[in-house]
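Both complexes shown next keep chain A, but they swap its partner, so chain B is in the first and chain C is in the second.
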Partner chain A sequence: MAPFVDRLLNLDRRWLFLLVFAGVAVPIIMPMGLPVTTTASTRSAFEYIEALKPGDCVLISYDYGPSSAPENDPMAEGIMRQCFMKRIRVVICALYALGGLQLANNSLAKVSAEFPNLKYGVDYVNLGFKDGPAAVMKRMGDDIVGAFPTDVRGTPLAQIPMMKGVRSLRQVSVVVTVATGLIGEYWITQAHPQSGVPIIVGPTAVGAPKYYAYLNAGQLVGMLSGMKGAAEYEKLLAGRYPELGRFYKTTHAFTATKGMDAQTVIHFIIILFILIGNAAYMSQRAARRKAAAR
Partner chain B sequence: MNFEFGRVALVVLFALLPIVGIALGFFVPALRARGPLVVGFFAGIIPILSLYIPKRFLSGETGMRPRLDQWLIIVYGFALLLGIVNVIQNGTRKISRRESGWPYSIVLLTGLIVTGALGIWGAVSGQGITTLPDGSGTPFKWIADHFFLPLQATIFALLAFFMASAAFRAFRARNTEATILLVAGILVMAGRVPLLEFLAAPFPPLQPAAAGASQALGKLTEWIMQTPNGAAQSGIIIGAALGAASMAIRVILGIEKGYLGLGGGE
Partner chain C sequence: MTHLSDIGTWVAALLTLFALSFLYKDNPLFRFTESLFAGVSLGYYVGTTLNQTLVPNLIHPLTHDFNQNWDLLVPGLLGLLLYMRYLPKGGWIARYALAIYVAYYIGLDFTRRLHGEVLPQLARAIVPLSKFDAHTIFYSLVFAAGVFSVLIYFFFSKEQDRVTRGIARVGIYFLMVSFGAAFGFTVMGRVALLIGRLNFLILDWIYPLVGIK
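Take a look at the complex of A and B:
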């Protein structure tokens, strides 16, 4: 028994890596379609946007980078699709320096292509990137033009039709911050108290625990927590809008629902590793105690 | 009138005062630290006062506080510039001294110069940094899409492998605290995914029971996240906020001088 346990504990880590690789790759290549159950925080975010009227304005802030794009992209795109379905105006900005704008551009290009009847500058606008997130959102609380004088194409905001009624965050119905680090927290602590704008946050699963404090305190109207939150949102969208249901069912692109299959398998593998590792550790400890008692 | 007062006050506090401070510092070395401290005091106290004194010259749309916010964005831009200078200095030093890993510095600097030059060229030429007027992507966008985005995603993806390896080798129930952490960790990991449905998939008769158990596990996970985790996070956030507030007071009052490079304060 002891040699087997020793061998198990000293297993070449490349075997573990191979198992992890297979655990991620196989479900992505062959989706299993595992069920997704929704949580209250995601439902409340969905219902808040659902209650908005056509012509209202939602600001989606891309506060994440490529490292967490598989978790965060589906959140931002899901919310954008919902807004476009309801003809809610969408303002996009990026406050994350390491690739936020590139992801915002790619995401907007992808989703806007699905809604060819919507027009840039009338139904949606991309403000681009600005460094110094806390300072930028504080400025946006007073005057969006002060923070973003032009959009990403260099057009002055005064010349963009949909920005005429949106001077500051006070005219924005809700800010959706899809965030990987501190920037989501800045929206809650800097922008929300100053302008009163409601906040929905879409953090990575690793970043989600801290946002429960804000959720409990009523400083958030909703939260999409990690890939599961994004998958829940996709499920809610598919349930409310049949055309989006068909889209999520047939698209070949990556979706959070597909990602959840891989995440389930990988969680299973990690739990298995923890249990096996602990069983081997306890067996080794018991053997040592036994040897010491002799 | 009010607006003009705010503007004049800002010019006096953040332009004239620093100039006078620098000039005085030349003649009286003991006064060198005073100027920055006074500027720091006003930069800290004006935003606070603007929250309590609803005067246009302080908190109006063109008052002192919004203008300071605007300046802060500009200062952030300079901080970025400082970072670039720092990267260039470190990289060139590494290359010139042939320190370990110096070839990587060549890659870093080449990437910085090429990407930066393409971005600046796009902005200066008016063609756009990421998208050309005809809607096609610029070389800057090509670099971002084909180098930067996949590389950053790859680095983060490696984490999954290391986490799995660490779970096997290091996540041990060595004592009571570690055991509680381990059990909570397993419950949250299992509850955040349809794990039971996945395990019951090959056994159709077990699937309804698995779905029910999965829902219960999901609720337990939400309770762990909202109640014990939420309470602990609130405590951490409130503690950190109090710490930040006390540090801010020390900086505003000139007790903390570390940011001036003058030592740690009194």
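Take a look at the complex of A and C:
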């Protein structure tokens, strides 16, 4: 027993990396379709947008970069699909310097292609990237044109039809910040108190714990926590809109629901190895004590 | 266009493998990828900021309608002054611009922290229990016990006695639970990144390569 325990405790960690690699790769090649349960914070975000009327305005802020795209992309795209289904006007901006704009462009191109009847400038607009998120939000609270004089294509906002009634954040029904790092917090602690605009946050899993304090204090109307939150949103969308349900089932593209298969397998592996590691450690310690007592 | 996107996929796939190769051991391919990433990120940041922030907010208004936008010269000049620190004898000039920049953000952050964080969180921590059902009362009591005991744990102005040490110990348990939750979320976040990369490698690179649609 003792040699086996010693070998286990001195196991080359690269074997674990290989196991984790296989644990992620196998569910991608052979999807398992494990069930996803929804939480109250995601349901409340979904229902808030669901309660909006056609013509209302939602601002989706791309406050993340490629380093967290697998978690954040499905959230942003899911919410954009819901808005487009309901003919809610969507304003997009990016406040994250390293790739936020590129991801916003990619998402918009992908989702708008699924809704060919919607028009740029009438149903949705991309304001582009602006540096200095805190200062930009402060300005948007009073005057969006002051922060973004033109859209991403260089067209002055005054010439964009859907921006006519949207002068500041006060005319926006809800801000959805899909965020990594601090920018999501700025929306909650600065834009919300300044203009009263409701906030939905879609943080990465790493950032999610701190947002629970804001959710608990009623500063958020909903939250999608990491890939799990995105998968929950996809489930709610699929349940409410059968055409989106068919889309999520048949698409070959990456979805959070597919990602949750691998998440579940990996969490199982990690928990298993935590138990094995602790059992081996305690067994070794007991053997040492026994040897010392002799 | 297809060929270009194919080349892009190959470059991205190889760079992903080079980055992951560090898990086996440190090697020149990993270090090349690391340096390339840092360089490309910086170049991207400079280019995006120039095109999306400086041109529409400063350069375009100044060149197209100077009379209406001459006041933009002030922030523009302050921005330029920041670079004076690179002059051998002009470093002190940059401090004025930096002082204004710091003062602006202190003012902004002070109100942000107070109105956006301290007051709403404090208001949530003080709730009348008479208005709630049994479940919410229990939840609020646990919440209040957590806030109180953790505050006691971080109160360093007076030496702890037997009572406060006991309360601080409860605070440690609350902190441990929160660290555990944060660790669980962190694992989920890091695994999500690996899922994203392997999805790309398998679905966008290997499958088309072997003819699987």
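One rule holds in what follows: the second predicted complex is superposed on the first by the 294 of 294 C-alpha atoms of A that agree within 3 Å, B and C clash if a C-alpha of one lies under 4 Å from a C-alpha of the other, contacts with A are read in each partner's own complex, and residues count from 1 in each chain.
Keep in mind that, in the parts below, a contact is a pair of C-beta atoms (placed from the backbone, for glycine too) under 8 Å apart; a residue touches a chain by one contact, two chains touch by 3 or more.
Note that the coordinates shown come from a computational prediction; the quantities given were computed from them, not determined experimentally.
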Query: Touching A:268, do we find chain B (first), chain C (second), both, or neither?
result: first
Message: Output check: A:52 vs chain B and chain C. Expected answer is one of first, second, both, neither. What do you get?
response: neither
Message: After the superposition on A, what does A:254 contact: first (chain B), second (chain C), both or neither?
response: second
Query: So, A:32: does it touch chain B (first), chain C (second), both, or neither?
result: first
- request: Examine A:150 and indicate which partner it touches, taking first as chain B and second as chain C; both and neither are also allowed.
  value: second
Query: In the superposed arrangement, which partner chain does A:118 touch: chain B (first), chain C (second), both, or neither?
result: neither
Message: Just checking: does A:287 make contact with chain B only, chain C only, both, or neither of them? Give me first, second, both or neither.
response: neither
Task: Look at A:215 in the shared chain and tell me whether it touches chain B only, chain C only, both, or neither; answer first, second, both or neither.
output: first
- request: Answer with first, second, both or neither: which of chain B and chain C does A:277 touch in the superposed model?
  value: first
Field: Interface residues of chain A shared between complexes with chain B and chain C
entry: 17, 20-21, 24, 67-70, 97-99, 101, 130-132, 135, 138, 152, 154, 205, 208-209, 213, 216-217, 226, 228, 263, 266-267, 270
Message: Taking the touch rule as given, give the residues of chain A at its contact with chain C in the complex, in rising order.
response: 14, 17, 20-21, 24-25, 28-29, 67-71, 97-99, 101, 128-132, 134-135, 138, 148-150, 152, 154, 186, 188-190, 192-193, 204-209, 213-214, 216-219, 225-228, 252-254, 258-259, 262-263, 266-267, 270
Message: List the residues on chain C that touch chain A in their complex, please.
response: 23-24, 41, 44-45, 48-49, 52-53, 56-57, 60-61, 104-105, 108-109, 112-113, 115-117, 120-121, 123-124, 143, 178, 181-182, 185-199, 202-203, 213
- prompt: Can you list the chain B residues touching chain A in their complex?
  reply: 61, 66, 69-70, 72-73, 75-77, 79-80, 126, 128, 130-131, 141, 144-145, 148-150, 152-153, 155-156, 160-161, 163-165, 167-169, 171-173, 182, 185-186, 189-190, 192-195, 197-199, 201, 211, 214-215, 218, 222, 225-226, 229-230, 233-234, 236-237
Message: Going by the contact rule set out above, which residues of chain A touch chain B in the complex?
response: 9, 11, 13, 16-17, 19-21, 24, 32, 34-37, 39-40, 65-70, 97-99, 101-103, 105-106, 130-132, 135-136, 138-139, 142-143, 146-147, 152-154, 205, 208-210, 212-213, 215-217, 226, 228, 260, 263-271, 273-278, 281-282
